[in-house]
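Labels for the chains are A, B, C, D and E, by order of writing; each one numbers its residues from 1.
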Amino acid sequence: MKRESLIILRRTFLILTVLFIYIWAFIGLPNIELKETSIEIVSAIISGLFQPDWGYVYDPAGEDLLRGLLDTVAIALLGTFIAGILCIPFSFMAANNIVKTKAIVGTNKFMLSFIRVFPDIVLALLFIKAVGPGAFAGVLALGIGAVGMLGKLISDSIEGIDLSAREALVATGANPIKIFMFAVVPQVLPNFFSFILYRFEVNVRAATVLGVIGAGGIGTPLIFALSVRDWERVGIILLGIIVMITLIDMISGKIRSRLT
Amino acid sequence: MDILGKTTYGEGRKAVNDLFSDGLLFTTLTKVGKRLIQFKNVSKIYPNGTIGLKNINLQIEDGEFVVIVGLSGAGKSTLLRSVNRLIEISEGEISIHGESITKAKGNELYRIRRDIGMIFQNFNLVKRSSVMRNVLSGRVGYHSTLRMILGLFPKQDKELAIEALKRVNLVEKAYVRADQLSGGQQQRVSIARALAQEAKIVLADEPVASLDPLTTKQVMEDLLRINQELNITMIVNLHSIDLAREYATRIIGLKDGEVVFDGPVIEATNDTFTSIYGQDMRKNEMKRAAK
Amino acid sequence: MDILGKTTYGEGRKAVNDLFSDGLLFTTLTKVGKRLIQFKNVSKIYPNGTIGLKNINLQIEDGEFVVIVGLSGAGKSTLLRSVNRLIEISEGEISIHGESITKAKGNELYRIRRDIGMIFQNFNLVKRSSVMRNVLSGRVGYHSTLRMILGLFPKQDKELAIEALKRVNLVEKAYVRADQLSGGQQQRVSIARALAQEAKIVLADEPVASLDPLTTKQVMEDLLRINQELNITMIVNLHSIDLAREYATRIIGLKDGEVVFDGPVIEATNDTFTSIYGQDMRKNEMKRAAK
Amino acid sequence: MNTIEKEQTDHIPSPPSKMKPIFTAMLVLVLVLGSGWQIGFSFTELLKGLPNMWDLVVQLVPPDLAYFQVITSPMLETIRMAVIGTTFGGLLAFPLAMLAARNVFFLSIITGPARFLLNLIRTLPELLLAALFVAIFGIGTIPGIFALMFFSLGIIAKLFYESVESIDPGPMEAMTAVGANKLKWIMFGVVPQVMAPFMSFFLYAFEINIRAAAVLGLVGAGGIGLFYEQTLGFFDYAKTSSIIVYTLGVVLLIDYLSTKIREKLI
Amino acid sequence: ACGNDGEGASSTENEDAENQEETNEDTEVQEENDGEELEELKVQFVPSQNADTLEAKAKPLEDLLSNELGIPVTVSVSTDYNTIVEAMKSDQVDVGFLPPTAYVLAHEQVAADVILQAQRFGVHDDGSATEELVDSYKSIFIVKADSDINSIEDLKGKKIGYQNVTSSAGFVWPAATLMEAGIHPLNDVESVTLKGHDQAVIALLNGDIDAAVTFQDARNVVVSDYENVFEDTKILEFTEDIPNDTIAVRPAISDEMKEAITQAFIAIGQDEEGQEIIRDIYSHEGYVESQDSNFDIVREYEEKVSNEVQ
């Protein structure tokens, strides 16, 4: 009875906290009003986007859309690969249904939070100091930066898996690593790949970091075009990115269906 | 006990049962026998307050074929799972061959568990993996962690797995994903996994629940054979009284988490089962008779 | 057929079976009866190439208690699931009360399905939800979509759900999460869900596989009672020949996706079962005899 | 007869060809190595440069704790916008993700456009969203909330539909069998299974909105992003790290709340 | 010309300090055995904010410089000057294109020495370019054309859109102008930080702010999206001259190398082909030699403003 009332108390507290946060957030919200200039500017932007600057697609001297996309893919691919490998031990050890020691789980969760909180730009700075500006630094920054996100998402999804298969492995006397390989991996593999591919996509779009880092790729021209409001240029770059991401989606779908 | 176990086979089972027909003799024998699995004052209370087991004291000898019977929810699965510590008991201690599994840790615990095969009530297959991989997973206890991370099973293991699948008539599905199997086929994969494990004790939680009579017979014969030929101890939860009578050397009756019967098959009369399954059964029968 | 169905009960079943003892009479009767479920040249080939069903032609009448038997993997579940189109058949047509479910769409399909209850071999419970909610989910076909999105079940539904849980002896677990139940308890939840659905046809895929003899009896009696008192058609997959004999009015034997036997219980002799379960059974018995 | 049967039962199927996975792995390997070569990956260079990194790390500690006072109010402002933006983003993401999940809607006529829309939403760069929203709503809180909403929608929906696609089909099957229409089917067969991942993604998006809400700066809504820029611009690394510490505190708090909420759902 | 005068004046004022600093550096360079010779030149540039066209291209400059210097050159583009400075500090970048404020901060950290300054065409009040080459530009206060704000003093209590506080044109110079008029740039007005001079103009057109500070003339960026931007807004005030972008080198580089780099850039600016390239890419017209003292004005402003701000 006492335990139950404690649970109710804690639940009420949780609900009240969330409720309070919402009330606080919505209080003092200004009214939405549309600006007079909006039609003119938005239509200029949209019409610009829909008249992409085809001339930028290919330029014999290099430094065109195709080259930018290629560089971006190379950086994103390698960055994702590094992150994909580094995140595995973290996600495993931060899942509270795999590792039972609270301290280990807690430490790993903390580490993941810390990596996530660490701003991309500071990470970029660190690697620029180490290896100089350029694609290499970009790969390292993306590779390390993504560990926080992947580790969290994957460990969360490990925590939600069906444990019955795991039981069978426990019963055969498998140690945690073997259990992980045989009972957990096959179940989280689809999620793992989908997170990895999502991260790959994020990395392709990580224009800001790559722009800061001088890594080349499509990010810097995109930022430049946006800041001087060259919508035709923005349009063609976005088109390029969308086409590329769609292609990657298709290819990765094929790969995924093979691996899982 | 070992020798006795080996000489009995098939119909010979009856003779062995006769030997134990005297309850007193039975208990005396077990006291001097090699105590394989020992339950001392074991209780289990689930976090939500349900009582799973209540002060269980049992000893099971090498080579026995124990069948556990009881109503749904009586605690049969709980008892079985506490043997290899799939669930942590709340009180008491369980030891296997003199080693306390309750206190075992790390590699010691893994080794003890490796020697205990388990067939699960709800199969516990990795649905996304192939049948073969599910069966091979019974072998992981034998190899180094690194090897297992790379998924490198020796050739013998694969042959062993195929062998186990043959025994349950499922070899043609070896490379099919487990979720594409029928219910009975899934159960057979789970049995093959336990066979491939080459354990010294096998815990079987309703191993034939989803099987047709033919496969049931095959599986039970298989369990009996490995019990007798390899002197492997069997602890099996069964719902079928007929099967229990046919294969067991000893029957343990559970009710509400307590042992209400424990003795050789011969002692388990119809009245015994009636008392295990509670008064309801009698009431129910009376009702029907009244109509 | 209705009247006959209602007068038979329990032991009375035997009398009915006697009525049908002549195979000819049986077929004649079914031809004039109300054809409830009709299979026309139904085949099913799974995407991986496995043949599930091969050219099935069947008709099942109102109020029958059909038991389907067959080896594991014979296609029993596939047959059952094709009735309410849980799997799309590859060829042929299935109609229910003259309406083709194969061609039905949208609300029509939902309505047909609402009138068909199903008990699943592997329970298919939402493990994270409470028992009550799982049972109530059998009622969603009766209410407006909006109401269901908000999860507002009328009071009668809740009473109905409690009633269904009482029938399977599980009312004390009503507010427990489904994953905290024993195997047999989960199976009973799945039965309660089908009972709460108040369907006109019940498809049961091994409804008693994980149940102890007492509960098995209760559940089978329940199925029989609703079959007889409410004239609800039952199609049940069973592995136990004894149960099939005790409760069925008609037995259908499947082998490798084909109907190899179809007739009243009385016609299903031991030889029939032997042929359904294939030569292996005999071989197996011979082997044992040889030893 | 006997022999035929024997062949049938004893026939051991050959294992599936390993070529496909090996080929795929080789392809990935080639791509990785190729990219590594293209961008000039070098471990020695990295090792050589590590001491340089240390220079910066030294400047980051200890954090300037007095700076907390300055960033508290922008942080609260950020949280406030993130709460609203993420909530609306999540509310939109839920149905959109359902439409995009192939095991919920089987027709590519439905999932295709839904996925395309989601791809598009994720592709739009923050700067472009900012340009649009500032033009439409002016500067301040409102465009900030809209930007965060868009952003959350993209993240949550994408992650969510993929995880919906990997749920247990059993309960869905049961709902089909009781004759539930699509909405009821989703409510009772899908939703109970996916609430936990949904909350996880929702809270994750919330967290991103708080720690990386640079877009707020772009629409003149302030936010903590501006302060990173400022402190880095002045090479005032102690302050930068104090922002990191502060954000970490907030994120850990969210993490704690999120675990508590998820515990209720798993 | 006006800007040059100002800078000359300030350099005389600070002569002593400056001399001392220079001697310090000289000894430092000498200690390092006449500085490093380079086998490869690494150049990075950050586009200046005061440009209305930009290209993220590096190759053309690479080729030009490598032709002039006879060693391989790599050029990279970054969007943030902080990273250049850090890279120069750890010897990862040799030559950086830095905006004035960034240069001053970099010099403070002994990361960069200025060698050159970019030249551009001046800007008429209507936003069009002049014929005259200058090495400085101005920032402007703009308000709506129909606004009743007619002088700097009227800005008191009004809502002003700034850029980040490290921005020369978007904050430092305008803030100094305000302070001269007796208005505290943060306390006496309602300040809003915006990202991008174009956004500032749009926010002004929208009426979200009463005045915007931008480089002269940022309205050119917006004119394609909002045709009447020049009619609908007016310039309220100009700031003092802001030095153009610098080209700065790592202090440790040998004097000969520095000289070679300097001459290479000047040559590129004078070469017809080279000029076209630097114009297209960086909107530079050429380069003139410069020295650290030219940036004392920046330090002065920086100090003045940052004292008030922090």
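The rule is simple: a contact is a pair of C-beta atoms (placed from the backbone, for glycine too) under 8 Å apart; a residue touches a chain by one contact, two chains touch by 3 or more.
Not measured: the values here are computed from a predicted model.
Trainee: Can you identify which chains form the pair with the largest number of contacting C-beta pairs?
Mentor: Looking across every pairing, the one with the most contacts is A-D.
Trainee: Just give me the whole-number Å value for how far the CA centre of subunit A lies from that of subunit B.
Mentor: Here subunit A and subunit B have centroids separated by 47 Å.
Trainee: Between subunit C and subunit E, what's the gap in Å when you average each chain's C-alpha atoms?
Mentor: 82
Trainee: On a C-alpha centroid basis, what's the spacing between subunit C and subunit D, in Å?
Mentor: Computed value for the inter-centroid distance: 45 Å.
Trainee: Indicate the residues of subunit A shared as contacts by at least two other chains.
Mentor: Residues 35, 37, 41, 45, 121, 125, 129-132, 134, 162, 190, 208, 223, 227, 229 of subunit A touch two or more partner chains.
Trainee: What positions in subunit B touch 2 or more of the other chains?
Mentor: If we look for residues of subunit B contacting two or more partner chains, we find 122.
Trainee: Could you say which residues in subunit D touch two or more other chains, in rising order?
Mentor: 49, 52, 55-56, 131, 135, 138, 140, 196, 232, 266
Trainee: Output every touching chain pair, sorted by label.
Mentor: A-B, A-D, A-E, B-C, B-D, C-D, D-E
Trainee: Considering the complex alone, what residue numbers of subunit A touch subunit E?
Mentor: Per the stated touch rule, the residues are 35-37, 40-41, 44-45, 48, 61-63, 121, 124-125, 128-134, 208, 211-216, 220-221, 223-225, 227-231.
Trainee: How about subunit C: which of its residues touch subunit D in the complex?
Mentor: Within the complex, subunit C touches subunit D at residues 84, 86, 106-107, 109-118, 120, 122-126, 128-129, 133, 137-141, 145, 148-149, 151, 190, 193, 197, 279.
Trainee: For the complex, which residues does subunit D have touching subunit A?
Mentor: Counting only subunit D, the residues touching subunit A are 20-21, 24, 28, 31-32, 34-36, 38-42, 45-46, 49-50, 52-53, 55-57, 60, 79-80, 83-84, 87, 115-116, 119-120, 122-128, 131-132, 135-138, 140-142, 158-159, 162-163, 165-166, 168, 196-197, 200-201, 204, 207, 211-212, 214, 228, 232, 240, 244, 247-248, 251-252, 255, 257, 260-262, 264, 266.
Trainee: Give the list of subunit C residues in touch with subunit B in this complex.
Mentor: 9-10, 46, 48, 50, 69-74, 76-77, 121-122, 176, 180-185, 188, 205-206, 209-218, 221, 239-241, 273, 277-278, 280-281, 284, 288, 291
Trainee: Over in the complex, which subunit D residues touch subunit C? Could you list them?
Mentor: 5, 170-171, 173-181, 183-184, 187-189, 192-193, 195-196, 265-266
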